[in-house]
Structures are given as C-alpha cells and as structure tokens.
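For reference, chains read A, B, C and D in written order, and residue numbers begin at 1 within each chain.
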Amino acid sequence: MTVEIRTQAIKPLRNTFGHIARRFGEKTASRYQEGTYDLQTETNRHYKPLWEPELDIYDKRRTAVQMKDWYALKDPRQFYYGSYTIARAKQQDALDRQMDFAEKRELLRSLPEAAQQTILFALVPLRHYEWGANMNQCYAASYGWGAAITQAAMLGAMDRLGNAQHLSRIGLLVDGNTGHSLAQAKDTWLTHPDWQPIRREVERSFVTRDWFELLVAQTLIADGLVYPLFYQQVDAWMARRHGVGLATVLDHMMRWQDETAKWVDAVIKTAVAESPENRALIQGWAQQWRGAFLNALSPLAEAVMGADGAAALAAVNTALGARLAKLGLEA
Amino acid sequence: MSVTAIRPGYHGDMKDTVDKFHANQILGISWDKHLMYATPMCIPVPPQMPFGALVEQVLPTLFGQHPQFAQIDWSKAEWLRSDEPFTPAFDKSLADNGIGHKAYIRFRTPGLEGLSGASI
Amino acid sequence: MSHTQQPVFIALQANNDTLPIIEAIQADNPEAVVHEYPAMVKIDAPGYLVVKRASVEERLGRPFDLQELQINLISLSGSLDETDEEFTLQWKSA
Amino acid sequence: MNAPQAPQTLNKPAKKLSLKENYALLTRGLGWEPTYQDKDDIYPKVKFEGIKIHDWDKWEDPFRLTMDAYWKYQGEKERKLYAIIDAFQQNNGQHNVSDARYLQALKVFLNGVVGLEYSAHRGFNMIGREFPGVGAAIAAQMQAVDELRHAQTQIHALSHYNKYFTGMAEFPHQFDRTWYLSIPKSFFEDAISAGPFEYIIAICFSFEYVLTNLVFMPWMSGAAYNGDMSTVSFGFSAQSDEARHMTLGIEVIKFLLEQDPANVPIVQGWIDKWFWRGYRLLTLIAAMMDYMLPKRVMAWNEAWDIYFEQNGGALFADLARYGIRMPKHWEQTVKEKEHASHQLWCTFYQFRHAAGFPVWLPTAEEMDWFSVKYPTTFDTYYRPRYEYWRELEEKGTPFVNATLPQLCQTCQWPLLFTEADDPTTICHREETYLGDKFHFCSDGCHDIFRHEPEKFVHAHLPVHQIYQGNYFNPGVDPTAPDFNPLVEALKYMGINPGVDGGDFQGHIDAVNWERWTNKPANMHAPMQTQPPAHTDDRKTA
C-alpha cells in the first residue's frame, strides 16, 4: 500500500497531549500518564450537589490534607484500567488453577475438623471485612480529588470484592459448596464476641467523612495489621499444625497485599512529605486507628492462636511501626 | 414543583444577575424568518441605550450582512418582547421600553421573509 | 413461554469468533432477521431470542461458556435472563 | 477456641454450582445490618429523594458476574483492543481513514465524550458506595470501572491521531471550558449532582438504555466504514460493556417500580427529564453522523427510528404494566429527527471561527444523499441555505456570525431548534424566576427548569461568563488597550484562534493530509493543495 510506505517517513507534529507535555516534557508518554493525568474536571462547575450543597461536586475540602498537585499521588504500579485488568486476569488464572487443585485433592476438606473450624472461624468471616474495605475504597474513589488517587482507590475496591469472593470460595471448599460455611461465618462476624470489636471499628470507618483519613485507616493501618496477622501469622500457625494445604489457597491474599502496599506507601509517603501539616494530620489518624485496631484484634488473635496470639499481634504491630517510620511517620 | 435536596434551603447561586455585567445588561435578539442566522444572538447593552440606537447602531453589526437587512422599513417592523407583541418607543431607553436584563426580543419584517422562500 | 411481539435484538462484532454464534442463533430462532453492517451484525427477532450453549458448542467444537458472549457482544435490547444453558432476550407480557 | 459447630456436610462430594448459585453465594450476604452505627449515617444519601426500598435483595443482576469472571472477560477484551490499537499505530492507520473531515469528528469525540465517561465513572463510584444493597452496589461498581475503561481506551485509541492533527491536544482543558462542550459537561454534572436514584435512572436507564445505542452502533459502524479500525474497536468494545449497563438499567427501573407504588411518579418524572436531557445531548451525535462521516451507514432520522422509536417503543410498551408511559415530548423528537442534524450543522458553520475544529459546507454529492434521506425537509429548508452560503463563499464574502448566541439555560445549546410544527421559526421559551429571566430552546428544557429552578440557576453558561469578563487565561490583563475579549475567550477555551477552527478549506489538517497521503482532504472533491489553483471543493454533479 503506497499510503503506508509514504507515512513511514512522516514525523508527528507532537508526541503527546498538551497537559501531559507540560508535566513530563514534549516526548512520548506512557498509557498510564495519558490515561490518568488531569482527567478529572477542575473548574466551571454547573450545579450544587443536591446531596451536599455546601460543597462542590468535586471538592478539595472533602479532606483536611492539602496538596499543591494531587496528581503527585501516583500509582507506582502504573495501573490504568487495561494494565490492571490484564494483570488481574492473569493472576486469577493462576489462582483458579490453585483452587481447582485444592478442590480436586480436597486439600481443605481432608484437614482435621479442628483445622476446618479454624478456617471457618478465623478466615471466612474476613469476607465481610473485605466488603467493608470495598466500601471504604469506593468512598475514597467517589469523594477524592484527582484521577490518580481515585483511580487506584477504585481499582483497589474491585480487588477487595475479589478478595471477599476468594475467601468465600475458601469457605465453599470446606463446606463442599453448600454455603453453610458462609452462613456460619456471617453469624460469627455479627455475633461472636471476639469478632465484635473489629466489626465495631469497621462500622466506625463507614461514618468517617474525611476520605484521606479513611484511606489511612483502611489501607495503611487496618490492612497493615489484618493482612499479616491472618495471612502470615495464622497461616504459618496453621501450617505448623496441619501442613501447607491452606497456604496454597491463602498465599494469594498476602501477595495481593504486598503489591497493594507499594501503592499505599507511595501515596502516604508523598502526602506526608508535602507539608508538616499533612504529616501531623496523617500521624494523628494513623495513631488513633492503629490503637483502635490493635485493641480490636487482640481478642481475636488470642481466640484463634491461643497463647501464641499476643506475640503474633505484637510482631505484626512492630512490623507496621517499621513501615510507618519509612513513610516519615512515628514508628 | 421545586427541587428535592438532602436539606431544606438548597439554592444555587444566581449566576447571571445584572450586577455581574459591568453596568451592562444582556439582551437576546432574533430576526424572525432569517435562519441564515441559525440561532438568536445574545449581546451586552447599556440599559440607557435608546431603542433607536439599538436599531440604528447595533443591529447592523449583527444582521447587516443579510441582503434584506438594508431593505427593512423600520416603521413597519413588528416587535415582540418575551414573545408578546409590543411597540417600542425609539427615542426611549431600553429600560424605559421595558427591556430589562436578560430580556428577549424578536422582530419581524413583513414582506422580507428571508431568501429563496426558505426563510434564509 | 408467553411474550409479546415487540422487537428484541442482539448485536455482535462481525469476526471469526462470532460466526458459529450467529449460525447457532439463526438455527434456534427461525424468525430472527440478520442485518449486516460494517464490522457489526445485528440480529432482530420478534419478542424473543435465545442463544443456546449447546448449539454454539456444536458449531464451535469446544466447550463454550455463555459468559464468553461478553467478548464480542456489542449491544442488545430486551429483558435478559442468563443461565448456564441459555442466554435469553424477551419482552415479558403484562 | 469457641467457634460454633460446623455443619455435618464434610466430605460428601462437592456440589456443582450453577451460575446463579455461584453468584448468589459469592455476592449476597457480603453486607450486613450494622449495629454499632446508625444505618442512616452509613448511607446518608439514599432517603432524601423519596424513593422507598423495602428489600434490596430483590435486586437482580442478570449477568451475574463475579470479580474473577469480570477480570477474565474484561482482560480478554482489553488484550484484543490494545492489540488492534498497537497495530493501527504501527501501520499509521490515521492516514487510511476516508478523508480529513472524518478526523474532525474524532475531535468532538475526544474533547466531548472522554470527560463524560470519566464523570460517569465518578458517579458510579458514588452510588457503588451509597447503595445499601450489595447486589446493587456491586453492579454500580463494575459499571464504575467500565466507565473508567471507556475514558482511557478512548484516550489511548485517539492518542495517535493527536500526534498528527490539531485540536485534540487539550481535551481536559476544553471539556471544562469550551462553549459547546458545556452541553455534555452540564448534562453529566446535572446527573452527578443529583441523588443516587436519580443518577442511576438518568444514566443507566434514560441515557444508556434508551439512547447510547445511537452513539455506539450506527456511529461506530460508520467509523468502521470510514476505515477507522482504532475507533470502531474501542467503540464496539465499550458498547459491549454498555450492553451490561443497559441490562442493569432495565433491572434498576423494574426494581424501583416493584419496590413501592410511590416510586412510580418519581421515576416517571426522572424519565421525562433525562430522556429530554439525553436527547438534546445527542444532537451532537446527529450532526456527527450526518455531516462528519464522509462515508455514511445510515442517516440520523433512520437511526432514531430504529433505536428510539422501535426499540424504545418496545421498552416502554413493556413498562406500561407498571404505569410508566413514554417520556414526555417524545413526539417532538420524531418531528425533530428530520431537522436536528441540519440545524446544528448550520450553527457550527456560522460559528466555525469559534469552534475547535474546521467546518465545511456539504458537497453536492452529500446534499443529494440528504435529499434522499430527508425527502420532506432537506430540499425545502436546508439545501437552499447551504447553496446560498456556498454562493457567498464563492463571491469571497463568506458568511460568519461574529456575535455570541443566546443559550438555553437547561441544555446549554444555542437556541438553534425550531418550533416542532414550523421549521422556519426558532423555538424560544421563557421563565421569570426570582426576578431574572431564563430562556429555553424547547418545552422539554423549560419543564426541566420549572421543576428545579433552584438547581438550574447555578448553570455555568459560557456566553454569559464571557460577558461577565470571566473567560481569559491567567496572566492576561483585561484592562489592556488591545484586550480582545472574544479572542481571549477562545484561548481560555483551549482553542487556538485562526488555527483550530474556521474553514476546512485550507485548514492545516487538510493541507497536511494531502501532503502526507496524496489523497484529497475531502473525498468528494479534488485535492485542495495541488495545481491548478482551482479550490472548488465540490464535486460537480
């Protein structure tokens, strides 16, 4: 085709969009950059929200944190919808194979009853915790400012739904697809005394109005304690007693958390470094929620791991402290 | 009917009140059956401008390119204000002619109904 | 099943993957009319249209999950019901 | 450990779950009735609109997607789509489209639609959080990320065009500021500033179910016909998500209507409002289909007949059992379908110097096509106007309207539509509220204002903003002697005066197109840039 031959030599007039070039220079930009930066409308708003007339539809005042440029809160994974979805499809494919293997070999159903009871008591109720996390990330994605942070928060919200459904599948692996495990786990979540403190904190997060505080509470503090406690400490505790059958299906959760923590840490670190005011705010939130979740998890750790519970939780808390210190917060 | 909002007292800002137009008011204006001008126009005008000045000085800048414009006999033109017929006093101001901020006037020119029988 | 004669439709991308699906739809819905547009095939039917997993599999020669329709679906009209066996569009009578 | 006893089902063979059972187990029951906080504090926005929901579990998601299936199928769609976009870019597919006029439609799409998709994303995030029912919230969340997908795939598909042609480089800036883009912007901000139920009726039902087929089916098929495999790929791929959304739209409406009879009049009011809002917005698509696709698949009036009158008619016949009727003023749309695209193109033509893309008069070949497609209107009302304008162009005195238009307070279009039964008289409606006058393009827009004047007074009308002196860039001194408010307003809108808009003849895109492809910029006309210096871009009939 003559056209194609001719066009090989044609130099483009510009390499990217104007707003991208102003940020990163007049050069070819990545799909993450073109698909993310300056995507949220900034000005010339038309109507006052019927649901919050005191503020604008998008409004920086929905958090006390202040940023000169909210797009500084970028995602180090550079997830836009396409790269995110393709990555998750691939991971899900691998996970499906693990789950399939676990089902065929009855890895969970062949565990002793006590081990199964631990799974149903300690892990399956966390599907409700994940649903709560979904709601909270969705909140940040709704009321946050700028496509960089809200995009990552929303893709994360979908991850939380996926995690909730994965935990549900673990329950179904145990109960042979009857769904009894899910009913039991919900009852545990709603009524078991050792689970009530954490449910209380999750419900408190639902009425937290500052979306950045909520991100700190959920993704940095709560997840920073819950994930290593259950998917490392409990997982290891179970492996010592009953072998690694459970680990084959639980491994996914901690991998997910390790990946997501890269985003969380980048966001928090950047916001903390922006100003002493931001640092003080985030420090206050981190401290307050950390105390609350530690207290809430304490009876649960003990209920699951008995005498080992307190040490496990302490180890998790120490690790969180080290992580906070790296982000510019108090350990 | 009125709006249903989360709390009583919901009200948007009045974005286009006259105080925001630097001593001008704005006026919507349309020449019926002359769809070469596919939309009515909106212009800022001082409220004290005599109606005659609007016709003689402003309208030529809006519609002067139309070949029928020069043929208009203004004494026969018919005027509508808020889509109701009215008779303007050319020597009086827009304000005194009841043409306030964000008024909308139309004029018709009997015998001059656009070009090609197609209201161009 | 009672349904009205109000039109329903399904539109699929015109490509190699959708050929067996379109054939299956034609076989299972004798009243359906196939319209070809650039890059798109739109199939109209009076009141009711079904895509059957078994019919697609017969033509495809491999297992087919009806959720795979998502990949090449462009649009549809009508009230949808999806089971493991059938993907049904219809307008229900009052 | 004091956990309750496990049920005695262990080690019976695992049951095979059907699609419905699997979805139900993995989705239902994730939420719970809170006891530590008041439910109204957790979900503060679901009551004020007056919609009564008694049982959220009655919500049905017919596609029953769990996240694993969602990732699987969406991941597959994304892989296919980006493979096509990559191939398109490697082959410089931008030079294989029908002609350089087609590119102008892409500008409207990028500048006007990407912002809509992103707003839709944010709106669905909100209802994904605010709906207390898990099934409904998940459906909204999946739609939320789908809408993000649409914004991004559109940017990525059109990114390559931006490298070669003008008027696409500032799309977020233009969406916030350009006068004709306040139409899509205000549409979506109207929806997103409403309560969650109105939002979902507005977008899922009125817009997506009733109207988006018009955008994505005939228009995208047209893109394919014009050789744009990049756009058609994102278009069809997006519409397959829309198919899910539309299905959701139907389920939403049935759910609301079945939950409580008191919901019916509220929902009908929203259908009336949002049908009209969406219909007015689609005038843009009408003009793009009829005027900006050099090779055409169908005319706007045919598309309206198929996708609204027939399909919409079937839908409303189905909803009649709930006491829902066709949207108010729908009859007027049937009359207007013979005019709307032409009236908007005339408007763009007269304001072409203030547009972000060049405008042209239809060629003789195209006017003949319009005569066939619009037998009752085109030759009577529009052909003579184009022919007169053509005459003025040939005389060297082309027509330009240098004054700003009167805008509709609701839809924000200039008052460009005529009375439904008199295509020679511009339709104008007026309302006085709190001492100020407000103007409308139609009874539909007038009705919408009268229901919510408290909301619509806040509309940001670009023409009024220019006259208030608010439209110039930072650093520009409006008191300087050489300050030209209209030129500065164009710059503020992200339009490069004298470059982006104006006449297609001689436009930089047309010139570059011919230089690069050796094909005419207008496929129905000779080359603009080749000797002899005969610049008549018409094909002689």
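Just so it is clear, a contact is a pair of C-beta atoms (placed from the backbone, for glycine too) under 8 Å apart; a residue touches a chain by one contact, two chains touch by 3 or more.
Here the structure is a predicted model, which is why all the values come from computation and not from measurement.
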{"item": "A-B against C-D, pair bridged by the larger set of C-beta contacts", "value": "C-D"}
{"item": "Chain occupying the middle, per Cα centroid", "value": "D"}
{"item": "Centre-of-Cα separation between subunit B and subunit A, whole angstrom", "value": "58"}
{"item": "Chain centre separation (subunit B, subunit C; CA means) in Å", "value": "55"}
{"item": "Distance between chain centroids, defined by C-alpha means - subunit C, subunit D (Å)", "value": "27"}
{"item": "Inter-centroid spacing, subunit D versus subunit B (mean Cα positions, whole Å)", "value": "31"}
{"item": "Junction residues of subunit D, two or more chains touched", "value": "44-45, 48, 74, 76, 195, 455-456, 458-460"}
{"item": "Junction residues of subunit C, two or more chains touched", "value": "none"}
{"item": "Residues of subunit B touching at least two other chains", "value": "3-6, 10-13"}
{"item": "Overall pattern in which the protein chains touch one another (line/ring/star/complete/other)", "value": "other"}
{"item": "Complex contacts: residues of subunit D adjacent to subunit C", "value": "18-20, 62-65, 69, 73-74, 76-77, 80, 213, 216-218, 220-222, 224-225, 232, 236, 239-240, 242-244, 246-247, 250, 297, 310-311, 313-315, 317-318, 320-321"}
{"item": "Residues of subunit A touching subunit D in the complex", "value": "1-4, 6-8, 10, 12-19, 31, 34-35, 38-51, 57-58, 80-82, 85-86, 88-90, 92-93, 95-96, 103, 106, 109-110, 113, 116-118, 120-121, 127-128, 130-131, 134-135, 138-139, 141-143, 147, 150-151, 154-155, 157-158, 161-162, 164-165, 168-169, 172-184, 186-190, 192, 199-200, 203-204, 206-207, 303-304, 306"}
{"item": "Subunit D to subunit B touching residues, read off their complex", "value": "44-45, 48-50, 195, 343, 346-347, 349-350, 380-381, 384-385, 387-389, 397, 399, 401, 403-407, 414-416, 418, 424-426, 428, 430, 434, 436-439, 450-461, 463-464, 467-469"}
{"item": "Contact set on subunit C toward subunit D in their complex", "value": "4, 6-9, 11, 13, 37-40, 42, 67-68, 70-84, 91-92, 94"}
{"item": "Touching residues (chain side subunit A, partner subunit B) in the complex", "value": "47-48, 50-53"}
